[in-house]
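Here it is: the structure, laid out below.
By written order: A, B, C and D. Residues from 1 in each chain.
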Amino acid sequence: MSGKPGIAEQGPTLDDGRPLAPFGRRACRVTRNIASGGYRIFSAVDPEGPDPAAGQFYMLAAESGWAAEDGRPYLARAFSVADSDPEGDRVRLDFLVQGVGPGTGRLCSLQEGERLWVHGPLGRPFGVPREAVPGAHGAILVGGGIGIAPLALWRRRLAAAGVPTRVLLGFRDRERSGGLDLFRCSELKVASEDGHQGHRGYVTELLEVMLRGDDADGAVVYACGPPAMLEAVRLLCAERGVACELAMEAPMACGFGACFGCAVPLAEGGYMRLCVDGPVVRGADLATALVPGGGH
Amino acid sequence: MSGKPGIAEQGPTLDDGRPLAPFGRRACRVTRNIASGGYRIFSAVDPEGPDPAAGQFYMLAAESGWAAEDGRPYLARAFSVADSDPEGDRVRLDFLVQGVGPGTGRLCSLQEGERLWVHGPLGRPFGVPREAVPGAHGAILVGGGIGIAPLALWRRRLAAAGVPTRVLLGFRDRERSGGLDLFRCSELKVASEDGHQGHRGYVTELLEVMLRGDDADGAVVYACGPPAMLEAVRLLCAERGVACELAMEAPMACGFGACFGCAVPLAEGGYMRLCVDGPVVRGADLATALVPGGGH
Amino acid sequence: MATDLCGIELAHPVVNGSGTFDAIAAQRAFGDALLERFPFSAFVSKTITPEPRSGNPPPRLWETPSGLINSIGLPNKGLDGFLAEDLPRLGELPVPLVVSVMGTSHDQFRRLVSGVAEREEVAALELNVSCPNVESGTIVGESPDETRSLLDAVRPLTDKPLIVKLTPNAPPVPVAIAAESGGADAISLINTLRATAMDPGGAGPWLGGGSGGLSGPAVRAIALLQVSEVAAAVSIAVVGMGGVASGGDAADLLEAGAAVVAVGTESFRDPAAGRRIASELSARFGLSSSG
Amino acid sequence: MATDLCGIELAHPVVNGSGTFDAIAAQRAFGDALLERFPFSAFVSKTITPEPRSGNPPPRLWETPSGLINSIGLPNKGLDGFLAEDLPRLGELPVPLVVSVMGTSHDQFRRLVSGVAEREEVAALELNVSCPNVESGTIVGESPDETRSLLDAVRPLTDKPLIVKLTPNAPPVPVAIAAESGGADAISLINTLRATAMDPGGAGPWLGGGSGGLSGPAVRAIALLQVSEVAAAVSIAVVGMGGVASGGDAADLLEAGAAVVAVGTESFRDPAAGRRIASELSARFGLSSSG
């Protein structure tokens, strides 16, 4: 058990210190569902699960009304945990969701008191800077759109562990923004493509400026967002010799290594299963972050 | 156009005087949904349709959350209209529904303001006594369980036409009862198998007593209910030489003669399509009312 | 979105699947509105057999997740009844008429094809080959040889277009190639996939006919592959169908190589589905050509 | 509900479908709880090929109405990697182990069968015949002759039970009979139905592999018929699968003649589905025997 002090200490863990999921799926009650920018934040109380590590995800399906559009969604959908809070034996889980299809549409419409089928927490979480690079002590978080979700929890955990953290967030437009509420009390820079808030342009432009200055030394970059953004981050970091961890997406049917569907091409050739060997992966391990089918 | 004076005069009609359905399906808003015994009564406002004739049915599907249980319901479901009320250009339609599976379950949970996909009114309606038997002037309505739905509207229409009508209704138990509210101001006898109201026993026992007396002379029996009840009514009437019309059920995929799925065996051999040649059929035309798959 | 199917001009690319729309019964339910806004650009009749059939005993339907099993058993008036009673009325529809026929021997098919083809109301014939040849016991449409030999028997009887409707229950490409080599003018697919259901009460098979055919969205992805492989393998036109419920589904089949798309089970849910799908399709093409 | 499959004792009749559960990866996610409440009464490995394969390019998945298309492409470590790395770990599972193998020639199959069968961890072998024979070009499992000749090649190599897993893409009864005549100890079916999907953005086929296989509730009614027809045609045991999501679905397959039921795609939705289905099944049988 190689626990990560201050980050994910509780619950049974395996090899890389990831908290283990209870076996099987369980029903979790929804306790709120609020608008946040163009997204929704909903909370569910997990009666069994461990406190997840930042970067892990859950497979979610509404207990009722799933399959309601022409027989879809059929499978559960993967969502990063955006915040979590142990409450006695239970854990409150917060998810930040953007409605893009039948599954996210149904989840966006969840009412308080409805129940979710949940399995998780799943996958490989973010690693603290000194695990990624010996001696590294700072973190730069780069989020784009709905990709800011896992970074919200990660920022909280890093802060609790006393890791100096800067946050760069980018949004396309007002409709595709939200979740800023999850970054209360952060040192935060925002970019938006339509200029509705912060810098007008890409969040990777903010990162480029930051990496160009000396103050990126000894920092690890943690990024989550659309494939094109992740690819830009990966290339920027490679160019500057900065370590980066990317939280990626791929179509997932199971989330626990059963279906081999979530293939992501490796730099060394072949594929990894993103659900068990990710979703957080080192930039250097990837052939590309532009995985076909991997995000909108 | 052989309209039936006082019964179903408006709207375009074809051969047997049935009101025609607008072509295609349309969305109708649900305006209420109330409990009635163990059943639900919900109302929807049809923006286009004609005033239906009693005995006709509609194919209904909830606009959202259909297919929500393991990909079912997929098809629309058939429901008799239990009451109707023209309101200006529109018609309010009332349905009496018993939850027995995914389709009826979803319909039972409809909220005010939700929308239904509707096609109808469909099928062959009840015929006034003098059409069934020249010179007949009275009606005996025999309903069992959820089968009382079409009789409710039929009773209202018969009353409006000045046809003397007696009503016999039977229920299995308290959970499978309801819709009595639709028979306000009727001359009504009730039976229940568990004795929770009225005569303890079958409604066909009430009918038998009535047919045995002279007062059944010149009356036509109109029945709707479970197959076993309809078969008993059919045999009783045949024995007493009383004409009867039975509103039957069969699994229906389309409701307008397209699928040939709703086969009901004819006395003369072969099958009729219940959706176009019924759902109201003369007892004498049937080989049996016990159609496999035709009801619960 | 005018389309041509073996020389027959169609106002748009959406027709019906055989046996899933009875225009005569629909007129009883919907009156003349049906004709004024007829949902299909051609009408395909229910399959006709030489002799009258009353069809399978009930129950004939079973709903599955996103699909429907039917075990109808081809009730129809037989060739003579059809020619005498139904054909004149179908001839009055505002669109070209395709008549679907099925026999269980070459003789039967020959009788059907010549009897139907000589009628001027008929624009084309569809050969439903999801049937056993009673002489060999083989399902014609599961065998390239049987299919070719059926075409050899009936092709000389008419100049009207012959559409061969394939079964999806065996690999369709070799059969499509055989049909083309035998002179078929078009291939249509897919018919239903063989399927069954058990009585929830434990009383054995639910359907009166024992088993039936699956259709609807459940089979859409299977249809899309079969259509695309057949379209790639033959140079005659392909009528693609199976689970089409929207303009998007129809567009997928067209992209896969179909010339025309047929709508079956979706018409049960929405009697005017063909119209809706045709207009969704033209909106899509409108948008994509302007974008 | 103890069951016997070709002499292997099973605690209940629910196993997994090959390639739909990776017990090693699942242990990484769920830890020892997986072993303590192992969902299946036997474990069937993912299909192993002679050489390592990295599988198809992404995307590999497409959700359909009530179903899933996968185009995984059999990624695996190859025979040697499997024997060295995975087999020892799978041997520690609390249930009997079935190893699924696939080759594209008799030689390959012979290498696989003898390499796997000699290992004591292995209770039985499953021959996945949804593959072309590279010599003849035919899909082995679509041809009774190819299937019989494959059995002739491998049957002499082991006394361990050989299960032949059929493809549903051709009529399975003749192939099942051929497998039985060649000495197969059991038949399992159905594998996935060939299917495809188009990129919603109009960029052609969505799947990196071009096409894939459909599974899940969408195929349940097709599976039920194929299982019931095969069970009626052979006297060896049948492992039935295809869309099983509940005890009721499993009971239908058992009623149709299956000895054992396998759960595939449903495990993706609920990792412990096998356990749930087994207990729903025994509750049903408990109830029906007491009622």
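Just so we're on the same page, a residue touches a chain if its C-beta (ideal position, glycine included) is under 8 Å from a C-beta of that chain, and two chains touch if they have at least 3 such contacts.
Just so it is clear, the model here is predicted, and its values are computed rather than measured.
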| item | value |
| --- | --- |
| Selected interface, A-D versus B-D, where C-beta contact pairs are more numerous | A-D |
| Centroid-based (C-alpha) most distant chain relative to chain A | B |
| Interchain centroid distance [CA atoms averaged], chain B/chain D, Å | 49 |
| Approximate Å spacing (C-alpha centroids) for the pair chain A, chain B | 55 |
| Whole-Å gap between the CA centroids of chain A and chain D | 34 |
| Residues within chain B bordering two or more other chains | 67, 70-71, 74 |
| Contacts with 2+ other chains: residues of chain D | 62, 64-67, 216-218 |
| Contact graph of the chains (line, ring, star, complete, other) | complete |
| For the chain B and chain A complex, residues of the former touching the latter | 64-71, 74 |
| Touching residues (chain side chain D, partner chain C) in the complex | 62, 64-67, 69, 142, 169-171, 193-198, 200, 202, 204-205, 211, 214, 216-222, 224-226, 228, 243, 248, 252, 255-256, 288 |
| Chain A partner contacts - residues on chain D that touch it in the complex | 19-22, 24-31, 33-34, 37, 46, 54-68, 70, 72, 75, 206, 208, 216-218, 265, 267-272, 275-276 |
| Residue ranges of chain C touching chain A (in the complex, touch as defined) | 65-66, 217-218, 245-246 |
| Complex contact set, residues of chain A against chain C | 67, 70-71 |
